[in-house]
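Next come two complexes, and both contain chain A; in the first it sits with chain B, in the second with chain C.
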Partner chain A sequence: MTNFFPLPITNVLAELEVGEHLYWHVGNFKIHGQVFLASWVVMGALIVASILATRNVQRVPSGMQNFMEYALEFIRDLAKTQLGEKEYRNWVPFIGTLFLFIFVSNWGGALIPWKLVELPSGELAAPTNDINTTIALALLTSLAYFYAGLSRKGLGYFADYAQPTPIMVPFKIIEDFTKPLSLSFRLFGNILADELVVAVLVFLVPLFIPVPLMLLGLFTSAIQALIFATLAATYIGEAMEEHGEHE
Partner chain B sequence: MLHIALPTILAVEEAAESGGLFDIDATMPLMAVQFVILALILNAVLYKPLGQAIDERADYIRNQQVGSQEQVAKIERMTQEYEDALSSARREAQDIVAEAQAEAQAVASKALTEAQQQAQAERETARGEIDKQKEVAIATLDAQVDTLSRQIVKKLLGYELS
Partner chain C sequence: MYSQNIFYNLPIHGNVLGSLVLANEGVGINFDILETNLINLAIVLGVLFFFGKGFLGNLLGSRKADIEAAISKAESRQAEAAASLAEQQKKLAAAQEEAKSIVAKARESSVRVKEDILAKSKTEVERMKSDASRDLASEQERVISELRQRAIAKALVEVESKIKVGLSDEQKRGLVDKSIELVGGGN
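Our next item is the complex of A and B:
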């Protein structure tokens, strides 16, 4: 099981480690160091880009400000489509950060040559290819939509579980569990699978052949970020939605 | 545990602690906290200032648009006014020209009539003069004819007719 490839391949870049982590100990807890290292790089990049963009805000944008405004307009449009003109502004930070963090993580995982950094154990990769990250994001999304629903309708939010018929109650409750589950596993699976496929192909044919798959990987990564952010916005919008009888 | 690597990695694997693909541990809550912090930071350095910039620009553009629409309306109004003034001035000018023409016509025809009348009068006077002189001439001739006739008769008859 541990040796798939009997050929003596010497390409160090082609080594692939899955499920190995660089463990750090914080108190009594173990955390995955490589995930944090990669996520700090991602967050640092985001914060630096943001500061560069807003350091000197002009009415006529140029350079970095223009680029980040483009990104922000995209996020605002996304939030507006899902949440409506009235509500979307409060949720732009959450949805936008979801999108930016996942997007930059995914693309960073695909584009930054992490392999050049040697770790004692495990390897650097996109933070989103660790299940902990995706579950964290998915649970935050759940909290967000519960907060949205409860702050909007109070406990009446749970009364809406019986809309349009009480038969829906168990399904709605199950949905509360499947939403974060599907969110986290979709992202995790896609990114991990993409990195695995590319790594295996690089392992087998180091030149040229993996390039189309890498491009496909970039596409998938972008789509996954969009899907995660859109679904989070949809869930929040759904939670705030007024049902017919209240109007 | 899924592992694709060369046998040389095995040593690392043995050294590694329990791991795996679905190894959920304290990374998860810490990641969530980290994410919330990132969202707060980005809210301060990205969403707020840039969103404000976008909104302000939208307001600015809207105001500018309203302003320029007003300007356009004003300009259109002024153009209309000027065109009205222009056409009325043109009408006035035409009136003046027509009036002047009529006046000139009247003066010309009056002068013509006067000249004609004067010519007529002069002709009449001349004709009267001619007639008078003709009469005088005729009268003179008559007298001379009389005298000559008497002389002719005297010569022929040798005496005078009484």
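Our next item is the complex of A and C:
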């Protein structure tokens, strides 16, 4: 993981830092430490929430259990509408993980006062505002849908690239590259842009004016999490779809 | 906001722990309220809590109520089902009892009918046997009497022929005497 997406606008807008990272050196890799720290916080929050929800399971759910069951139901419905009644069950964990991680990352980035903690370099923010995170998530989605297609149809999965006509083959191949690309850039761009807009506004007008934009940011980042999870589910469902003889 | 390029530019070629330690030296806490955007965050969090709490509370409350209703409904239906099961089992037991009694009755009556039939057929056989023996006896009698008559007839014929051949007076008298004696002249 190198500095994949440097945006050198530091000179344009006062001291806004983009592309400044807290580098940790692992072997020959330089990794973005602030992303890891924020990811750990997000993961910790999710794990704690899960433990709290399942620690004392009641028949009539209340409190945390009720909330997490509601979240699970939401994710299950999402997977069910995209994958169909027959297949969705196996994919709920993957899609749910994507959704919860992205959602909590986005909202955590927008709601937790990360700037209280001052790092030697770079600053803490949503993990999803780093392109490496979103690319990792998108590549996992690609792996997931290739796995889904191959495990369902064997190598016949690639034969389906020629469905309904062989003309589609190059487009389908291009799609395999554009899917992770669009997934990762959409999420990364939205979250980074959102945080940048808020940061810039805070610079210009420190009080009250950024609030509507922050609320809007909450809305869009929730939507982004939903979009990412839905698209991942759609790709997986597409890969498993039967073509040709079974209609 | 503070780019501390001292650490950023340091050529670090150590292991992870070393670099972590080195990186952590610059960690601090920024208490600048305006710069850390605390007030805006507080407002946003407040708005979120104010609206979210009611919304989420309603959502979760209705969810809980739905679940409770569903559970109580299921429980009442379970109780109902258990009651009807018990009732049907009772009915089943009664029916089995009845079936048993019917079978026992049938067995009893079958035994009785068998005995009846056996007795009847025995008496019938007896009757037939006695009929047959009676028939046999009468036939025997008939045959015997016929034979006797035939023998008598034959004897008479013989006697007549002998008489025709001739008897002396002596003989005739002797015969008459004998006959008189036979008929009962003696007493």
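In the analysis below, the second predicted complex is superposed on the first by the 229 of 247 C-alpha atoms of A that agree within 3 Å, B and C clash if a C-alpha of one lies under 4 Å from a C-alpha of the other, contacts with A are read in each partner's own complex, and residues count from 1 in each chain.
Heads up, the rule we're going with is that contacts are C-beta pairs under 8 Å (C-beta built on N, C-alpha and C of every residue); 3 or more make two chains touch, one makes a residue touch a chain.
Note that the coordinates shown come from a computational prediction; the quantities given were computed from them, not determined experimentally.
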| item | value |
| --- | --- |
| Which superposed partner A:R59 touches (first chain B, second chain C, both, neither) | both |
| Which superposed partner A:S121 touches (first chain B, second chain C, both, neither) | both |
| First, second, both or neither for A:E242, with chain B first and chain C second | neither |
| Chain B versus chain C as contact partner of A:M43, first or second or both or neither | first |
| Which superposed partner A:L72 touches (first chain B, second chain C, both, neither) | first |
| In the superposition, chain B vs chain C on chain A residues touched | B |
| First (chain B), second (chain C), both or neither touched by A:V26 | both |
| First (chain B), second (chain C), both or neither touched by A:F101 | first |
| Shared chain A surface residues [contacts with chain B and with chain C] | 15-17, 20, 23, 26, 59, 61, 69, 121 |
| Residues of chain C defined as touching chain A within the complex | 1-8, 12-14, 16, 19-20, 23-31, 34-41, 43-45, 47-48, 56, 59-60, 63-64, 67-68, 71 |
| Touching residues (chain side chain A, partner chain C) in the complex | 10, 15-17, 20, 22-26, 33, 59-62, 66-67, 69-70, 110-111, 113, 115-121, 123, 198, 202, 206-208, 210-211, 214-215, 218 |
| Of all residues in chain B, those that touch chain A in their complex | 1-7, 9-10, 12-13, 15-17, 19-32, 34-36, 38-43, 45-47, 49-54, 56-57, 60 |
| Parts of chain A lying in touch with chain B, wherever the complex brings them together | 1-5, 9, 15-21, 23, 26, 29-32, 35-36, 39, 43, 46-47, 50-51, 53-54, 57-59, 61, 65, 68-69, 72-73, 76, 89, 92-94, 96-97, 100-101, 121-122, 127, 130-133, 135-137, 139-140, 192, 199-200, 203 |
